[in-house]
Structure formats: structure tokens, C-alpha cells
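Okay, got some structures for you below.
One chain, chain A, links the two complexes that follow: it is found with chain B in the first and with chain C in the second.
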Partner chain A sequence: MDPFLLEALVNGVLLGGVFALPVLGLNLVFGVVDVIWLCYAELVMVGMYAVWFLYTQAGWPLPLAFAACLPFVAALGVLLHVLVVRPLLRAPPINQVLATGGVLFVLQGVATLVFSTDFRSLGVEMPPMEVGEVFVSGTKLAAFLAALAGAAALWAFLKFTYVGTAIRAIARDREVMPLMGVDPRRIYLITSAVGGTLAGFAACLLVVQLDVHPFVGLSFGPITFMICVMGGLGNMLGGFLAAFLMGLIVSVGGFWWNTEMSYVVAFVFFIAVMFLRPQGLFAR
Partner chain B sequence: MSAAVAAARSAAPAAATLELSGIRAGYGDFQALFGVDLRVAPGEAVGVVGPNGAGKTTLLRVISGLLRPTAGTLRYGGHDLTAVAPHELPALGIAHVPENRRLFPHLTVEENLRVGAYARTARAHFAERRDRVFSLFPRLAERRHQLAGTLSGGEQQMCAIGRALMSGPRLLLLDEPSAGLAPIVVQQVFALVRRIREEGLTVLIVEQNVAQVLRVVDRAYVLETGRIAAAGSSAALAADPAIRRSYLGMH
Partner chain C sequence: MTAREILLALPVLAALACLPLLGPPDYFMHLAITALLIALACTGWALMGRFGLVSFGHGAFLGIAAYSMALLWNLAGLTPWIGLPLGVALAALAAALLGWPAFRLRVVGHYFALVTLAAGEIVRILVTATRSVTGGSLGMTPNQAPPGEALAAMQLGKAGFWWLALLAWAGGLLAWRLLDRSMTSKALAAVAEDEDAAASIGIRVAREKLKVTLLSAAFAGLAGGLMAQYRMYLNPETLAGLGISLQIVFGALAGGMYSLIGPTIGALFTIGLDETLRVAFGTQFIGAAPLIYGLLLVLFVLFLPRGIAGLLERRPRRAPAAARAAPAEAAAVPAADPPRA
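What follows is the complex of A and B.
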């Protein structure tokens, strides 16, 4: 096989791993709370700034900055739920989308005020690794492995803990949950914290690959939503698989044509999927 | 968490008397219950029978706090249940098997049981109670890793009762456990209810299948259009000509 095509395929899988985390977070919150966090990519952006600030300005070691980013964005997720989502739980969906969409612009605006529109870079890069005939970016490979570990940890949490099992149960039947001794309000809070943690995790993986600026969310936010819808909104496994499919389309499209064209191909593929399987590729 | 619930959690919940008096409730403009008085003492098995739409399910929903009464008092031992959040009832020793079972079809049998043991007071007893549920319902043990949605109707009812037992209740509320089941399976379900109450559980069971339920309970109330129309021991109700005509299909 053409080594450059092989490289594109490998990069597609690595990219898919990074898409997977925000997709899982967004799907989790939507499946449980039934509200779409339109500002999800901007939570990731704030997390990226947090890592950048702690590492380059405050002089923290990078692992410590990463470790602080997770609870920080988790707390933002809880705040978002308490201040914006919870008061609108019974409101029409359009109001919920407009409200979280408003938070998107607020976060972009605050980031611009505080950090200006300059592109900020961590300036860390791991050396590329040669695997067989293919050169792989060490940073991307590390981010991919971390994303897989994060997804596995999420799966274990949902599969093996009381709270995780209740989270999966409530996505299907809200009203019956109090009879099980489950307080739905608490489950929504925990889910929002987990959704925020996943955004923080994604921020750690993206900040080593992308420069941070207030509008960086636009470079992965729209595709994150597309992947969620493609996999079937609220369907965790479908979203996970669709993330890799989208990663491959973008990466191989970029190899055959160029990066801009690859996103065009990805959107065309998305539109085709919406015509053929509006319920999502992996809906049962 | 209320102080009452906190106190109840310090020890295993004690059996207590459930007492409803003058309960009125409804949905919006529609009133379903018009002043219901009802009492269930520890160790009793009590039935509420009546036609479809009489308010039987509403009555259980009021007891477990899913619907708040508009008037009347609702007490369980020393607790005013109208002041307790519904999710705190398992800690007080009350479990509710809802109408249509309401299992989580996409979770396995064992995961359904785990959700039933969610209350903090119940988690420590998970393995022991699961094994007890499996000994009561051996079919569930065979199917523990199967998705609950793939069980037969009778197995789903067993799983729903098992899930309620996971919280270690002293009072079990059962809503139409025989609904939608084949006659032979109905027999099995009622045999299980009898076994559960022989183990000392207090049972309040709502049923349309009057003939069957009167064989299991000590006493029953007849609920008609939101009011208690008659009450008495199972034997007395089964012998009552009006009941026999309306509910037992006898003339």
C-alpha cells in the first residue's frame, strides 16, 4: 500500500480517538439531561486556555496543569447545569438550544477580553515515531492512547458503578427513577460533571495539537455535533464508532485532495447519511 | 435529606403502619381520588380492587410521592410521607413495583437489580439480596446477564418484583402484577406474592384480577370512581353478592 495513504489512515484513526471524547461527553449529557450543550466546544476551549495559562504563565508542570484542567472544566459543567440548564429543563428545546448557544458566545467573548485573539501555543511536541514504514506524530499517538484510556474509564464507570448504572437507566425512564431511590436532580448534576470532565480531558489532548484562540472551538465543535448526530444522538457506542469514521474521512480526504476539501467531503457524507438514515448510522 | 430519613437510615427501617385519611388527588382539572381512607398494618397483606380507571394506580402513586395529594393526610409510622421526597422512600423501607413493571429493557437483569439497590442503605446488602432474589426466582438467575427487554412477560414481572426487593423493603406496593400475563403465569406471580408475605413483608396490592387477589390478601378495599365503595376481609368480600356480581363474574 502507498505509505502516504497508510499514514493518512493511521492519522485518521488517531484523529477519531480525539473526536471521540467530546462526542461521548455531548452524547452523555444529551442522553441523560435531554439538553444539547451547544457550547460544548467552548468548554473545551476554556480548558485549553486553563492548561496554557497554568503551564506557560504560572509555570506549573504540564501533568499538573492537565490534572487541574479536569476538575476545573467539570466545575464549569456543573455551573452550566445549575445556572442555565436546570431552570430551562421544562422549557421548549429551542429555548434550551438558544440558552446554551448564548453561553457559547459569552465564553468566546470573555476569552477574547481576557486573552485577546492571539494564537497561544504550549510549544511542546513529542518526537515523531517510525512504525513500520509510517511516521506517526508522538504527540498524536499519545493523545490517541489517552483518549482510549478516557473512553475505557467512562465505560467502566457507566457499566460497573451504582451511579453509572443509574445514569444509563435514567436515559430510558426518568419518572420511575425515584422509586429506585434515585434523585434525578443529583444524577443530572453528576452527569454534567462527567460531561465537563470529558470536555476538560479533550482540552488536554487538543491543546498539545492546536494553538488556542477564542474561536478554536469552531475547528472541532461543528464536526463533533455532526458525529453525534451521525452516530445517533444519545447513542454512546454509535458516536464512538462515528468518531473514527469521521476521523478517517477527514484524514484520507486530506490525503487525496487537501484539508479544506476533506471537510467538504465530511459534510457531504454527513448530509448523505442524514438523507439515507436520519436516525443515525448506528441506530438500532 | 430530612432528619426523619436520616434517623431511619441509622438502623434497618422498622415495619410501620401506613395510614391514609381523606386523600384527594388528581391530574390538573381531573380529580381521581375523592377522600380515600386506607390503613395497612405491619405484616398485613391488603388488596385494593376495582374497575379500570377507579384510581387504583393513582392511589399508589400518591403513596410513593410521585403524585402529591391535594388534601388529606398520608402517614407511615411517624413519618408524614407528603413531606418526604419520593427517592427517600426506599430508605424508609417502602418499595413500589409500578404499573407495567417499568424495567430498564436495555440493561441486564442483574443491572436492573443493581438500580433497585441504589439507595445508600441498600448497597451494602447487594450480593446477599441478589442471591435471595435469585433463589426466589431461579429463572432470573439463569438470565442474569440477559437484557431485561428480552425476558418473557412473567419473567419481567419477577424481575420488577426482584428489583423492588433489592432495597430491603418492609412494605411492598404492587401495581397490577397480573396485567398482561397468561393465566398460568398469573398463578405463579400470586404464588410468589404469597411467599413474599410469608417472609414477613407487608404487602399492598392493587389488582383488577379480583378472584386471584382475594386468595392472597387478608383484607381488601373496593375502589370505585375514586371512592372506597366497600371494605372487609377477603372471605367477606368474596361472599358479598354485589362483589360477586360486579367483579367475580358470578350471578
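What follows is the complex of A and C.
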């Protein structure tokens, strides 16, 4: 096999790992609260700035900066839910999406005001590793493994804890669960916190690979939504698999044509999937 | 269109048409033309948006029409007077290619919004990727017409463009009014309430939706082409993609998408806001503008979901918010026994 193609495949899988975390977080909120957080990628962006600031400006050690990022973005998620999403739970979907779209602009504006539009880099790089004929970026591999660990932790939380079970139940049937003694307000709040935590986690993994700037969210935001829908709403496993599929399409498409055209291919593929399997690729 | 409405509309249009004769400053005319073209795009968006067909990709139609027109002029020397209608037709064709399968296969709600979002991004990336022809993200400039042929190449002064924009905008409002009086509008209102029920009484759901989508895309395309021709500059960021698409949606929503004049009010509001922020903050606090913009968007959705025009209504005749609320409103149901953590 052509080593460059092989490298593109490996990079596709690694890229899928990067997409997977925000997709899981978005999917969770979407599936449970039934609201699209259009500003999800911007929450990740804010988290990236938090890590960058704590590490390079405040001089914190990197693991501590990572650890601080998670509760910070989780708190942002809760704030978003309480201030914007909760008052709109009864509003038509377009109003919900537009309100979170407004938050997108707010976060971009705040980031621009505080940090300017300069590209900020963490300046951390792990040496590339040679596996067989393929060079793999150490940073990307580490991020990929961390993403897998994060996904596993989320799965365990949803599967084995009482709250996790309640979250899954609410996603399954919103009308009956309140009668069974599950308080949806509380579950929505917890889900928003978990969604925020996942955004914070994604921020930690992205900040070592990408430069931060106020509009960085636009580079992975749209594709995250598409992956989420492609996998099937509320279907965490489907979203997870779709993330890798999209990662492969983008990476191999970039190998055959160029990066831009590979995104066109990915978006066309998304539209085709919506037409042919609107319930999601991996729906049961 | 009743005789009374025509009697009311004609003097207003005539008065507006006289605006350049008063000799207003160039800056004012520039804002007025820009506002009118944005108003046309917002009106076009609201044509379908008010029936629950939410598009996050109207930038695609602006871009398709504008770039077809400009490329035909630069590469083939075809005058925009022909190129613009061609571009508008192409935008409508794109809407049909996207809309027909989407409506036939019942891609609705969030899903439809995301499909259109993908379409808008596709156009933006394609324009950027074909940079050898379109200039990519650096943008492109239509060739200057040879002296004496400016009119034939639609390269007009401020007054000329004001009249052109006014005509296009009035066309958009006329289409809205005619649509309001048609069976299509009644059918779509029914579809927006309950698609299955509408289909069961014999409404051809996909066909009715397609009609209004084509109309909407055509007016968005018209607005895009005129914007490009007026500015004599095309850029994928301002004519395609998520940014401009959201801006159009905000205009329509802020003004109020359920009334004829609402999207226009919204366009005036956004242009006024943009300019005020630009004058107030200049380049000193870049970032303040999107911040206030986003904040207002949130506040509008929270407290004024029917837009500014909604304030002018005596009483909301229909309340789509209440009618279409998901049955999921469990939040209102008090829980008997909160779960253990």
C-alpha cells in the first residue's frame, strides 16, 4: 500500500478522535435537552483560551491548566442553559438555535476584546513516532488516546451511575420519565454541565494541535454538527463512529485532492446521508 | 392586491424614488442602498422562514447568483443585465436541487436547517478553492466597463443603484403580498402546523414547499448579485457561508418575519447598528460589535420573538410559538420525587 495513503488513513482516524469528543457532548445535549447548542465550538474555543492563558501567561503547569479548564467550561455550559436555553424550552426550534447563535457571536466578541485576533500557540509538541512506514504525530496520537478515554468515561457514567441512567431515560421518553420521579430540570442542568465538561476536554486536546484565535470554532463547528446528525441524534455510538468516518473522508479526500475539496466532499456526503438515511447512518 | 393597497404603495414608492433628487450625501446613499439590498435578502429569507422552513444557508444563493454574474462578465463579457437574471435562475436551480429531495424525503426542522448550512458552506469553500478563477478568499473585482458603456454593463452611480435596488425590493414585497393571497400560503401555513394532517387533506407538501423555496432563493440571489455589482467586489465570506447566512436570519428575526415590512425594518436596524458600532468603537475595540450584536440577538429571541414589527401588531393573530411547542415540556411538570444523585 502507498505509504502516503496509509498515512492519510492513520491521520483520518486520529482526526476522527478529535471530532469525537465535541460530537459526543453535542449529541448528549441535543439528545437530552433537545436544543442545538450552535455555540458549542465556541465553548471549546473559550476553553482553549483558558488553557493557553493559564499555561503561558499565569505560569501554571499544563496538567493543572487542563484540570481547571474542565470545570470552567462546565460552568459555562450550565450558565448557557440557565440564562438562554431554559427560558426557550417551549419556543420553536428556530428561536432556540438563533439564541445560541447569538451566544456564538458574544463569545467570539469577548474573545476578540480580551485576547485580540492574534493566533496564540501553546508551543507544546511531542516528537513524531515512526510506526512501520508511517510517521505519526505524537501530539495527535496522545490526543486520540485521551479522546478514547474520555468517551469511555462518558459511557461508564451514562451506563453505571444513577444520574446517567436518568439522563438516558429522559432522552428516550420525555413525557413518561417525569411521572417516574425524574426531575427534568435537574437532569437538563446536569446534562449541560456534562456537555460543557466534554467541550472543555475537547479544548484540552485541540489546544495542543491548533493555534487559538477567536474564530477557530468556525473551522470545526459546522462539521461537528453534521457528524452529530449523521450518526443519529441521541445515538452516542452512531455519533462516535460517524466522527471517524468523517475524519477518514476529510483526510483521504485531502490526500486525493486538497483539504478544501475534502471538506466539500464531506459536506456533500452529509447532505446525501440526510436524504437517504435521515434517521442517521447507524440508526437501529 | 387590492386597489387600496396599490393606492397606498405607489406614493410611498414614488417618494422613495425621489430620494436621490434631494442631493443627499454619498455616505447616506451608500447606507440606504446597502440597507435596501439586505432588506431584499431578509425578505426573501422570511418568505420561507415564516412557514418554519428555516435555512441557514441563504448565503449560498447570494453567492451563486453573484459569482455567476461576475464570472460571466469577466470571462465572457456578458452584461450583468443578462448575467444577473441567469445567476438568479442558477440560484433557484440550486434551491430546487437541494429542496426537492429534501422535501420529498421529508427532511424537516433541525435537519433541514443543517442541510442548508452544509450547502452554504459548500458554496463558500468551492469559491475559495477555485481561486484561480474566483480570486478565492482575496475576493474578485468585476472588470471596469469601457468608457461610455457603463450603463450597458450595469455599472451605475449611487442614484441608478438606488432605483434598481428599490425596484428589486418592491418586487420582493409584491411577491410576498401575492403569495399571501395565494393558496400556496394557506397550504404552507397548514403544513407548518402539521405536515401529516396537511398531506391527508390533499396538500402536495413537497411541491408547495418547493415553490416558496424557489421564490426565496431567487430573491436572495437577486440581492446577492446587486450587492456584488454595487460594491464592484465579491468575497466568499460576505456572499456565502454561515456568517452572512446568520446575518440574514438575524435581520429577518429582529424585524419580525411574520409581517410584510418586518424584514425590512430588521435590515434597517442591523445596518444602523453596524454603523453606530463602527462609528462608536472604530477599530479600537474590534470585538465589541459582534459582542453587542450577539447579545441583542439573544435578547430579541428571549423577549421579542416576533421582532420589532411584532410591537406594532395590536394583538398576535397566531402564536406559532405556543402552537408548535414540543410536547416535551416536561419542565413544567413538577416531579414527585427527585432522583438520588
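The criterion applied here is as follows: the second predicted complex is superposed on the first by the 282 of 284 C-alpha atoms of A that agree within 3 Å, B and C clash if a C-alpha of one lies under 4 Å from a C-alpha of the other, contacts with A are read in each partner's own complex, and residues count from 1 in each chain.
To be clear about the criterion, a residue touches a chain if its C-beta (ideal position, glycine included) is under 8 Å from a C-beta of that chain, and two chains touch if they have at least 3 such contacts.
Quantities reported herein were computed from a predicted structural model and do not represent experimental measurements.
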Touching partner for A:76 - first (chain B), second (chain C), both, neither: neither
Partner chain(s) touched by A:18 [first = chain B, second = chain C, both, neither]: neither
More chain A residues in contact - chain B or chain C: C
Touched partner set for A:182, first chain B, second chain C, both or neither: both
Which of chain B and chain C A:274 touches, first, second, both or neither: second
Touched partner set for A:214, first chain B, second chain C, both or neither: second
Chain B versus chain C as contact partner of A:162, first or second or both or neither: both
Chain B versus chain C as contact partner of A:172, first or second or both or neither: first
First, second, both or neither for A:105, with chain B first and chain C second: second
Footprint overlap on chain A, where chain B in one structure and chain C in the other make contact: 162, 166, 175, 177-179, 181-184
Interface residues, chain A side, partner chain B - complex: 162, 165-166, 168-169, 172-173, 175-184
Of all residues in chain C, those that touch chain A in their complex: 49, 52, 54, 98, 101-102, 105-107, 109-111, 113-115, 117-119, 121-122, 125-126, 128-129, 242, 246, 249-250, 253, 285-298, 300-302, 305, 320-322, 324-331, 333, 335-341
Touching residues (chain side chain B, partner chain A) in the complex: 64-66, 85-91, 95-96, 98, 102, 104-107, 111-112, 114-119, 122-123, 163-164, 167
Chain A residues touching chain C - in the complex, by the definition given at the top: 34, 36, 84, 86-99, 101-114, 116-117, 162-163, 166, 170, 174-175, 177-179, 181-188, 214, 218, 222, 225-226, 229, 233, 258, 260-261, 263-264, 267-268, 270-271, 274-276, 278
